[in-house]
Each structure stands twice: as structure tokens, then as C-alpha cells.
């Protein structure tokens, strides 16, 4: 359950409104790596964390902090949009080249849809969507994604930072940059902790390692002549799991399998010349259903024989 | 420029068709972390890599390999869908409980839309989209995402692996598991190489480090009573950049800023009771435009004075 | 800023797992009118509310409660998915008709993507998106949408309620039904309060009422012969604003305007036979630009004349 | 079945082209509350209306009128886009600050994709989608949404109205404002009629009222200190259904349920430390399947015993 | 403007309900090539047709017919969904293998969201979207797309036809098949008419033919060894425009351009090793802005010199 | 399997950067008919082609060429974006009207998200998606779509061609125009070849022709008074299949079927007045399930009687 306070975690006070910059700042609100994403991603991961205690608490603490970050950005947006042009603009633009730039780059949904406030979209107006949330239940894989999300988010913040000279905005973004640095580090340390606690063995997600093919787990394949990819550490030296030596090899077909697909079911009207024999009809008489027939035999035995 | 051969990189031969499993395998084709994603992501990163030589070659080699992985999975899908039911199904299902399960779990677009072949969608029919591609131009941030994508992809493959007992499918998935292990490692080694080559300093993406706030870059904030998050490595010890000690603190407002938004422009018809004074009209007479007026003055000087 | 506690607002304990029902419950998590929508919608409206005090506090209180509702449903989902089938399923289904139904109706992303937990999607796997959030800054229009969202949400909950016989699930849904009843009422009372406080005049959103056409604001038009629509209250009696009598009329063209579009710019290669004369080229010489020319004249005067 | 005439319902004649304004007007064409939405929403509701006569006729009459509204807006758009710039623009912009504003704010798909005509998208280029249609089969819930849609639509129209000074455009928008006023009223009167006809009891959608929890249907919960939400009518007085008194209470956990999720199936590779005992494998041997086993026993009895 | 009648264009009466088949039929309602698409596509093309008379009338006649086709399918859907299971289903399924198949394959939104009616989505629940509409203003290009849409639509209808044995459904689909045949032919004849009327020269869309490169307009390039693509008519013989002979050639780089991208702006923090010299800063001092400087010089001259 | 070379198929060298034009060029990269679409569409069709030899080889050759076209455009984009403004822009714009136009029309994701490179989106920022891929397995229907895609793509390229005067960009676009001409022709010749090879009979996709209704396959219906649609070839003369004469007729209901939907299941809470009798409950006791009961009887016979 959640509670809120009326104060922001950190101030979000621009020195002056700036509708042009607000249009750009949308990327940090509702973009793929905006604050809405990390907020929902960490809450989701935390709610589904299977380990009570320090892990679950840590994830939920950050998720809860991120609700407040969305709040800060949305508040900043409304303040940046104060007094943004809402009237017939042609004359104004003609008389004012600086205004013309503002008008051209303004996000019109800020006026038409929200009435002077942030949209839950990215800088191009694409709505934020749940597909941005990554929460697999596997903490190694998810922490890897969290590091990546914080790195991309921080990079975008650094780029946006140079697009304004408003001291109030810059002050808040300096706070955001710091948190993104801290959170990158935190998820990396989370992986170290998982290893230290013996929950995972290495930083490589390799569930079901027993069945993976050994050679392909240790070979770099190259697919063009003169590739210099072999010069990197990724193509030589010991594997990170320490179970072998990395090889560099030319990419060639590793098995004799022509990329052909089978003759089609005639009732699907796929184009076909008969060159591979007649297609198997999907009607319960083909080989496919022979397997099913066997299964239903077993089912009958089970139902009647037990 | 690209060329192709008629053989697959690795065989993709199921022992028998299985339309029910094909519906699940869609997740590895067109899901967020399916083969379409890594193919397009690495090609895009490679095309835009600013460092000719081992880095650009490495990224493009893998991107090119992944085209072949999509090809393998699409071929596997068509073979799994051979002879899948395409006719009136109620009677068949009534007579055959095993068939009923197949029919219920089948992806009907495999029949109606593709005529017995893979869809460029995930397992729920959501079309693959370009938003899955992450390519920021910053190799540290992108390699971090690549590690994460390979980890999620491998995890999903391991889960799918247990959903079939077809030896041919399992053989191909063992190959995929191996490549996902190798590629995770490769991107991690890519980060090590970036550090070794002096292109980045640490594994933390911290562009514009000079402006970030120091305290917030080193503090873990907790937002619930009794949180045990402080027990983890992420809340104590030296920072990964080695520039300080991590602190654990209760999350409190760090600045005195009530989350209020300003009075609205009357022409936007936002609901307002006047309690914060009159709203600034967005018509070129407000404070917002005074800044713009100053700018146009300077523009006039530039245009006439130089 | 936000804080959380470790306890749920209300219990979310199913008596037994039920993966088939979990697939349906997704609609209440990430559907258009699921808990994610009302949570984000109310937080967004609250953050942007321009009236400090009872209105802003009310909206944010509900928004904060709804975070906890998402948490409850996500927790319920993971409990419903405990021990859901993750292995090769054909044989199992053949031996077990009841299992067959479960397998056919199961959401495979619950296994492959989340590892036994909720997805941030609707029951068809479509990701929740920010376009579901309605927050216009106009409280009358937004409260109207909130009533509608709660009504749709409650209706869906009532429908889902009959799809399970698990007493634990039913208990939680009874709580949800109650909150949806209360919240519908609350937003309706919010509109009454707005009227009582003199912030809006009637329940009709009619900003800029002064410019709307009177006749069309009071007439029902019918577009088919024998329509009985005129029998309803909507086509007769006094208007709700009390400013006239509602009329019933046949729908006919109210102005003489053939639905023709102008001749195209030749450089856009739209198909055209010349029957409306030559198209205006979009190159700065057409009539369109004469207006712009006038404007730049005025701009020149302003720049040089002041 | 439908028929059409060649004349528009109301004229759509701008005095002069204006590509910049056309980019904004897209929101009223293909936005969430644009004309495409109400057209499709009312047709869909009308086709599925279960009550022949005045209700079905009324809904279809409006739906049919709205086809003509989309036609009017699409025609207006093509006329606004006449002679919009389609050529190399840098020089033109340099010579003409007014033109620069137009160019910057122009929707380039109007030239590249449609050749001088409207797009079926909102003002940001996001395609209109079927998710905007709300049609639940429950007329109370749907009429509530229709009121809300008309209110949002009218508000957006009023905002757009101030962004042009073209008398022809304003004339058409005055017609649109009037229809939005009328339609809001009409759906509110539709609810009154439903009550008068005894089809619903109150304006609250409360299907299955018998099972909802009474206390939670009458209590406002607050989730922050010092909340003034209790001052509003929504937190005091008689309920709208007249079945009790509204209470104001602090939000606290109402049941003792820690937000924990169960131990995971080992084959899903979710991260877990064993602290809640072993996870239930999803293989037909867990408790989950014992319920299914019971069911299949009953099925066997039914199949053999009847 | 539009009018409607209460009768369907053709009957839509299934002999009995079939919720399983209704789930599949969604593809023909709201899929990429479903009836919603052709309805909206033809209305849109018709509204924007620049040639009054037989072309505009023809396109709008078909568009108007298609409104009625959506109506027919939506009506059929509600009838197919009559009495579809809405209650707790596990026991029922256990006792009834035929019901199990229905339950597994049922679209749960048909119960939860629409209350027994069609959804505006495809068979996977993906909402129909405006991106399916193709309307370029160029009738040759659009008629080509219309032929394709009718062909895909007819193919899907033929596939769906075999998935039911309900005589009433089959009767309606026989009508749909016929219209799809007729409409394919009609758009092909539309292209013939365009040629006969001298509006286009050939069936090849080649606006601005004067600037295209001749050799690449007549050569088939092959990108794999042993390709037999040269055996087809597409790689030999006279071109369709009759302006040359088609050539077959191996695909090789036609110009000497290494796929390198320039050094990045330092403020974008793209990874770079300096090997291509310093990046151009995007600050108004780079070469990019020299062009802009020239332009503003010209602008100044224009503003002051005229 | 695929290989790549380091050289582009054709040069992609702009004479100078142009961020404004780059924003437009996005449509040809990631729009509905951009290079990403044809690349993925042809690869997908080729992988699933059921006829080994000239057809499969031809489709894959083109698909492989198109990978290189995406590469060319992405490279062109990065070069156009060299030195694009990344810093605080208000002052710069004020001093420079030409720059103002650039800034207003710039795609900010080119700076914030990709760091000076192309996005996998269209010109409005909508991500490319797999729904653009059309691959039905039926080569006639697919080739029809390929012709249409190339026609739309070429038209857009011709429109974009006039939006730049950069000789390097124009040179590459002349190459693209030529390939789009060639590929349109090629798919049309592909249809001729299918006919010549006896794989299809005519250019009309008419699978299951035996069941379509004859009259509706030969009649043009008109839905407005005074329609001149009858003057076109599409409404008179012999059918393209040569099996009859085309008729022109007024559109009237062809069957007596009022567009009514049945009484609803009470448990779905759809609004209903009882006028059509009681709704059928979806609980296994209605007529719907009588069919299912019959089926399970037959199933029981099969299970026990064989």
C-alpha cells in the first residue's frame, strides 16, 4: 500500500517557461527510458520478487522513489508550459522570429489535449506502453536490463541537459544525472550481491547450462572478408565462465539444411507447384494427427484402464 | 551490401509438426527479445558505429549472423506448422481430446494470415516494432543493453526448451542457448575492451559527470519503515567509481517545493478557481514572451548591426 | 513524494492456483479500464490539478489508493499462477481433458516472459499504453471520463466475477466492485461540488459557449426513414441548460457545399484531370504565400520601424 | 445498409489555405476524441444495441451523422493544405520568417504520404486505433463514456478554435461546438430515459450489487497527512443510491496480507533463495493439478456412468 | 452526408452460435485486410479524389457499400456469440471435452469487454488502426493497393470458409468471396480506365520518370551464387514500359562508398576514438551552419534591400 | 545464411548536412512503405516460398538487396545529421531565422535518442512495426501487394526528391526511383510468369471460386443518386475472367434481414428490455451447448465404441 506527501523529492522550478524545451523533455517523461518506465519496471519487479528481505525491499524502495520522479517531471513540465502560445499564431510568428522557432517546435498536444501539461508520451507523441517494462522473474537478467535502462536514461538526460540554459531546469537535471549514476551502480552491485549470496554463479545468465552446445558457446563467427573483429578481447582469451578458450572462426553453414519449407495444406491456398509432393491436409488424416491419435489412445487407456 | 547462401547456419528440423508449440515459439521470433530484435539492433548499431575497425566489424558480424537466426526460426516454424488443422474443427475436437488442446492453443493467424508460416509478431500476436531496437550511438550504454537483451532472450529460450520434447527442436534450441551465452559474454568483454582501449573510464555511463550532484550519486534512499535494503552491498562500501562511500538514508523531501502547478492560460479552459492569481495568457504579452522579446531585440541588432 | 508499506490494502489470496482464470484477469490489470489506467489517470490529473486544497487532495488520494490496487492484482496473479504448467504439454493434455482446457486457454507469456507473474497487458496481450490516460486539465470533462472509466471497470469486474468460483478471488473482487461503485459516485459528486462552488455552471462542458451555433446545439437530426429516435427525451423537452426547446428534424445538408477538394500541387503527383484548373504549386508563389508575404512585410516594418 | 449524398452536412470552406493549422486540426480528425472515434463508437454501439426502437434508432442516427462529420473535416483538411509547400524549403525559409514558422510546424506526411490531404492520425502522427472505441453492451456504462467523449471532444475543439482566425474555419468549428454540446446533453438525457423506462435503477452502474462489500462502497480513504479531501461532498452526506452515509477514513491496510508471492516453479528459472520452501513444479504433479485430477475423475464418471 | 436503412445488404444469419468460430472471424472484421480497412480506405480515397465524376463516384459507392459490410459482420458476430460461456468454466470443461475446446479457443474479450459482441480488433486482439488505410492521392498507386487488399482479403475469407460448416455463415461468406472477386477486377479495370483516359501512361507508377537512373531501372541484380532467378520473365525480355531490355547481373557495389558515418558532435556523447578527426559541434559554428549563415545573409539582403 | 561487405551498393553522400531534410527522409526509412518494410517483406516471403528454384531465388535476391538499401539510407541519415544543433537553441534561433526553421522542423530524437543517427520510425516518430509485412503464402496475392508497395514507395520518393536540392542526396534518390520502377515491373512480370507456368489461371485471386456467388461477382452496386460510376469500364463489358458481363445496379438490401442482435446472456449485464424474450445464459444449458452435447455424445461413442 502507498502513501504520499505534498512535497516533491527535489525541486522542479524552472526560472522561466519554455514550451520549446518542454517538447523535448517529453522524452524523459514518457520515452522508452523515461521516468514512467523505471517507475513501473521496478514496482513490477519488486511486487514479483520471490525473495523477501533485502532484495525485495531494495527494488521496491527504488520503485517508490521513481513515482516521485515522474511527479517531479510532470510538475516541471506544467511550469515550463505556463503561458505557452495558445492563440492564432501566424501574425505573432511573422512579427517575431524567436517566437516562430518556439511555435514550430511546440508540441500542440500540450495545448489541445492537456491544457498546458505533460503528455504520457515520448517526444514524438508516441504513447508510453507496458512493453517498455521488463520483469522476467529472473533477477540476474532483470538487473542487467536495469543497468542498461539507467545507462540509456542517463545518456538521454545528459544530451537534454545541453539543450537548455535555464538554471532551475539544469539544477533538477543534475539531480537526475546523479540518481542515474547511483542506480546504474546499484544494479551492478546487486549482481555482485547475487553472486556473493550464492544465488547465481557468474554474471552470465545461463539457466539450463547443461544442455547448451559447448562449441557454439565459445566461438566468434565472422561473416565478412577482412573482418578485424578477431582483434578484440571478445574473440580470444579465456571465457568469462572460465570453462574454455574463445575461438575466432569464419561463419559457414554448420549443418546441411537447405532453407526449404514443406508442401502446403491445399486448403490454405498457398502457392505451390507440387515439386515436393502433395501437401499434408490439416484435416485429421495427416501424419500430424497420427501423433494425436496415439495420444488419444493412451488417454482412452487411462480413462478406462485405471 | 549483403549476400546470402541457400543453406541455414544450423539445422532447423523438427521431428514432427506441432502447431501448439509453434504458437509459443512466436515469442522467440517476434517478441521483445526475439531474433528479429537482436538482428535489427546489431545491424543498426553497426551501421552507426563511429569507430572503424574491430568494433564496427564485430557488431556487424553478429548482426549479420542474426539475419540467419531469424531465417532459421522462420523455417522451423513453417515445418512445425505442416499439416496443422485448417478445417471445421468442432467435430474433430469432440472426438479427440488431444486435438482439442491443439485447437484451443493454436495461433489462428498461422492459418488465416500466413497460410502455415510464422508471423512477425510475439506469442500474443502483437506485431514486432522498431521501438525494440536500442541504438544510442554510445557503445557503453548500448553494450549494456545488448547484454541484457541476450540474457532475457536466453532465459526465454530456456523456458521454451522445456515446453517441447521434439529432439529436432531441442537440438536447434541448444544451439540458440549457446549463442546467447556467447553473446552475453561478448558484450561484457566489449565493455572491458572499451576500458582497456581508454575509450571509457569505468563501466558506469556517466557522460557530463562534472555536472551531476555528488551526494545523490552516492546515497541509497529508502521509502518504507523497516526496509532491509540497507543490508545489501548496494547501500554500503565504496562506490564502483571509487570516488566515495555509499550512504543509506531515509527518503525525505530534499527541497521545499510543494507540488503545485501554475495558474492556467484562460484560453485553454483548464479548471481553476483563481487562488493563484490570474493565469498568464499565451498570446505574446506574458512573461514568457518577454524573454522572446529580448531575443528578438538581439536578433534585430545582429541583423542590422553587423 | 511517495512511501510504501509491506501490507496490501486488502487481501489477495486465492484458495488455489488457476492459470486459466489468470489469463482472463489480465483484462483488469492492463486493459483499457484496468487498474493501471485509473492509477495513472488519477495521479496525472492530481499532479496537474490547478486548485490546491480539497480537489487536488481528493484526486491524489484516490490515485495513491490505486497504486495499491495494481499491487493487489499483480500479487493475486502471481498466486494464481503458482505451479502453472511449464513443461511439454501434449501428453499431459491427452491424458487429462481438464488439463487440456487449461493449456489451451493459458497465456503463454505468463510462463515464457514473466516466469509465473502478471504481464502489463490486457487479456489479449496488448501492452497497456499511455493513450488510456485522460487528463485534460478541465475537471468537468475529466470527472465525466472518470465516472465512465469506473463504470466500465466495474462492469468488467462483475463479468469476470462469474468466471471463477474461488472464494478468495471472489472476496477480493467484492472489494473491487465496492470501490468502483464508490468512485463512480465520488466523481459524480465532484461535478456537483464544482457546480456548488461556482466553478462550472452546469454539468455540460461548454467552454466558449458564446460562439457555438444555437440551432445545432438544440436539434436532434435523424438519418433514416421511420426512425423512432424522436420518442426519447433526448429529442424533446427543455434543454439541460434550460436555454431552449429540443427539436427533432430530418438530417439534410444544411449548407450548399459539394464535397470536392481542390486541384493538387503538381509536384505531389496526385492524380488529376485538370477539370478544376491548374493546381497551386507549393513553392512560395501561390496564393497561400501571399498571406505569408503580407505577414513578412509587417515583420519587416516591426524590425526596422520601431 | 448505407447511402450517401454528394453534399456535406455543413460547409467546410476555409477562407485561405493554412498548412500550419491543418497540422493541429489532425487532433480533431484522428485523435482519441476526434470525429473518427465518435463515428465508429456510435455505429458499433448501435449495431450491437439489444433494444429495437428508440434507443437503437437514436444511437444509429448519431453514428450516421458522424460519418458525415469525418467527411467534413477531411474535406476541410484538403482545402487547408492547398498549395502547401512541397519543394526544397531552406532558401524559402531564409527569405521569409513567416514561412519558416509554417515549415517548422507543418506535418510532412501531408505532403509525402497523402499528397495534400488529411492523415487518419492524431496531431502527433499516431494512427487512430480501434482501442478508442468503447462499446460494452451496457448502455449506462456506454452513455457515460459517450458524455465524456463529447466533453473532451468539445473542449479540444474550443482550444483549437482560438488557434485560427480564418472565418470559414471558425464557422465550421462553431457548428462542431454546437453538436458537441447537444450530444453531451443527449447522452445525459439517455441516462434519464433509461431510468424513466425502468431499465436501470440509478445512474450508478452497479451490476451484481448484491455481492459488493458495503463498507468499501461508502468510504472515502485518504492516503496523506493533512489531506483536505474530507471537505468535499464526495466524503460526506448521503450516498447517491440513498443506501447509507458516506464516511471519511484514513487509508490503512484492511487485511493482514503481506505482499509476498509464492516460491516459483524451478523450470521457469525465476530467482529464488528457497526461503519459502520448494516451488511447485508445473508438471502435473503439484497441488494445482490435484484439482484437475478431481475434475477428470468426475469427467470419467460422467462419461462412463451416465 | 450519409443515411442508413434498418436492413442489412445481405443476410448474416448463422444456423447456430459458435464462439470458437467467432474468435477466428475477428480477422475479417478488424484485421489488416478486414472490412474495417476497406471501408475506411475507400471512403478516405473517395473524399480526397480530385476528379469529380465517374472516378470519385465509383470510389465512394464502394466505400459506402463497405460500411454495410462491417455492419453485416458485426451483426453476424453478435449472433455467433449468443449464449457463449460466461460462467466458471473448469468443471464444465472437465465434464465436456467438446466444451473444453470452445473454452480454450474463445476470445475472452467477447465476454468481458463487449458483453457478447465483436471487438474492433484482429483475431489476436490487436486493435484495428488507421495505419491500415492507404490513400496517397495518386490513383494508380492507390488502385494497386486496393487490388492487393481485396486479394489478401479474399484469400483470408477462403481460408476462414473451411473453418466452419454452418450453412448460414457459409452463405454470407460466399457473398463476401464474390464481392472480393468483383472488387479486385474493378480496381484492375480502374487502372485500364486511367490509361484509356490518358491520365496515366502505363500501369507503372513512375512520377518524375525523367530523373530516375536508366540502368538501374532495367537490371535484375542477384545476390547469391547459383541463383536461378535469371530464368524468369522478370530478368529478361523487353521492359513493360517498352523502353529497353531487362538485364540480369550479379549484385556488386556500384560505387566506391565505404559504409562509414562521420565523427560525432561531442555534446551527443556518442562513442568515438577520434580516428576520423574531431566531430563537428552542433552549436552554430560548424560547416552545417555556414550554409545557414549564407541563407541568413540572403534573408537580410531581402529584408533590407527590397 | 548471410554475409556482408563493407561497401554500400550505391553511394549515399550528401553534399552537406541537413537535419531538416533528415527528419523528412525518415518516412523512406521506417514508414509503412519505407525500405525496412520491403526488406523484411521480401525476406519473409522468400523464406516461406514453397517453390524452390526461380521464384524462391528471385524473391530472396531482392530481399537481400533491400538489406543493403536500408543500410544506404541509414548511412545517408547519419551523414545528413552531422553537426546538427544539439545545444541550447533559443538564442541561436533568435539571431538566425534560417536556423529557426531548422530547429522547429528537426526530429529531436535524432539528438536525444540516437546521438545523430536514423531512428527506426516514420517521419512522425511512429516505430516501424511487423504489421507492415504482408506474406500470405499465396504468391499472386503477395505479388499484388509487392507491386502496390513499390508504387507507394516510389511515389513517396518522388515527393521527397523535390524537398532537397542537395546533388548527393538527389543522386541516391535517382537510384532509388529506378529500383522502385524496376521492382514494380518485376512483380507484375512475376504474375505473368505464374500464369505462363500454369500455377494460377488469371490475375484474379479466386481460391475456392466454386463456392462464390455468381451474381455478386459480376455486379457494381451504387449507393447514391446521380452516381456517374456506371460510366467506367468497371461497370460494363466482359469480366476479366471472361465468365460473364458486368452489371450496374442500384444498391438495395438483397435479403430480408433486419440488423438486430439477439437477447443477451443475463450474466453479461448487457442492457436489455426483454422485448426479444429471455437471453440464453452462457452456462451449458442453452441451445448453444446442445450442439456441444451432441458432439460429446459422439465423442463418448468413439471413445467407448471403437
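Order of writing sets the labels: A, B, C, D, E and F. Residues in every chain begin at 1.
We take it that contacts are C-beta pairs under 8 Å (C-beta built on N, C-alpha and C of every residue); 3 or more make two chains touch, one makes a residue touch a chain.
The shown structure was predicted, so the numbers you read here are calculated from the model rather than taken from an experiment.
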item: Of B-C and E-F, pair with higher C-beta contact tally; value: E-F
item: Chain pair repeating D-F, as identified from A-D, B-F or A-C when over half of the contact pairs by residue number coincide; value: A-D
item: Between chain B and chain D, centroid-to-centroid distance (C-alpha), Å; value: 28
item: Distance from the mean Cα position of chain E to that of chain D, given in whole angstrom; value: 25
item: Per-residue overlap in chain F, given as positions that touch at least 2 other chains; value: 1-9, 18, 47-48, 53, 60, 64-65, 71, 75, 78, 86-87, 90, 93-94, 96-98, 100-105, 111, 113, 115-117, 121, 124-127, 131, 136-138, 140, 155-156, 158-159, 162, 207-208, 223-224, 251, 253, 259-264, 267-270, 291-292, 295-296, 299, 303-304
item: In the complex with chain B, residue positions of chain C that touch it; value: 1-6, 47-53, 86-90, 93-94, 97, 100-101, 103-109, 111-113, 115, 121, 124-127, 136-140, 194, 197, 199-200, 207-208, 303-304
item: Residues on chain E engaged by chain A in the complex (per definition of touch); value: 155, 158-159, 162, 267-269
item: Chain A - residues contacting chain F, complex; value: 18, 20, 23-24, 27, 31-32, 97-98, 100-105, 122-126, 155-156, 159-160, 162-165, 223-226, 251-253, 259-264, 268-273, 275-276, 300, 303-304
item: Footprint of chain E on chain D - complex, ascending; value: 1-5, 7-9, 30, 36, 40, 43-44, 47-48, 60, 64-65, 67-68, 70-71, 74-75, 78, 90-91, 93-97, 113-121, 127-131, 133, 135-138, 291-292, 295-296, 298-299, 302
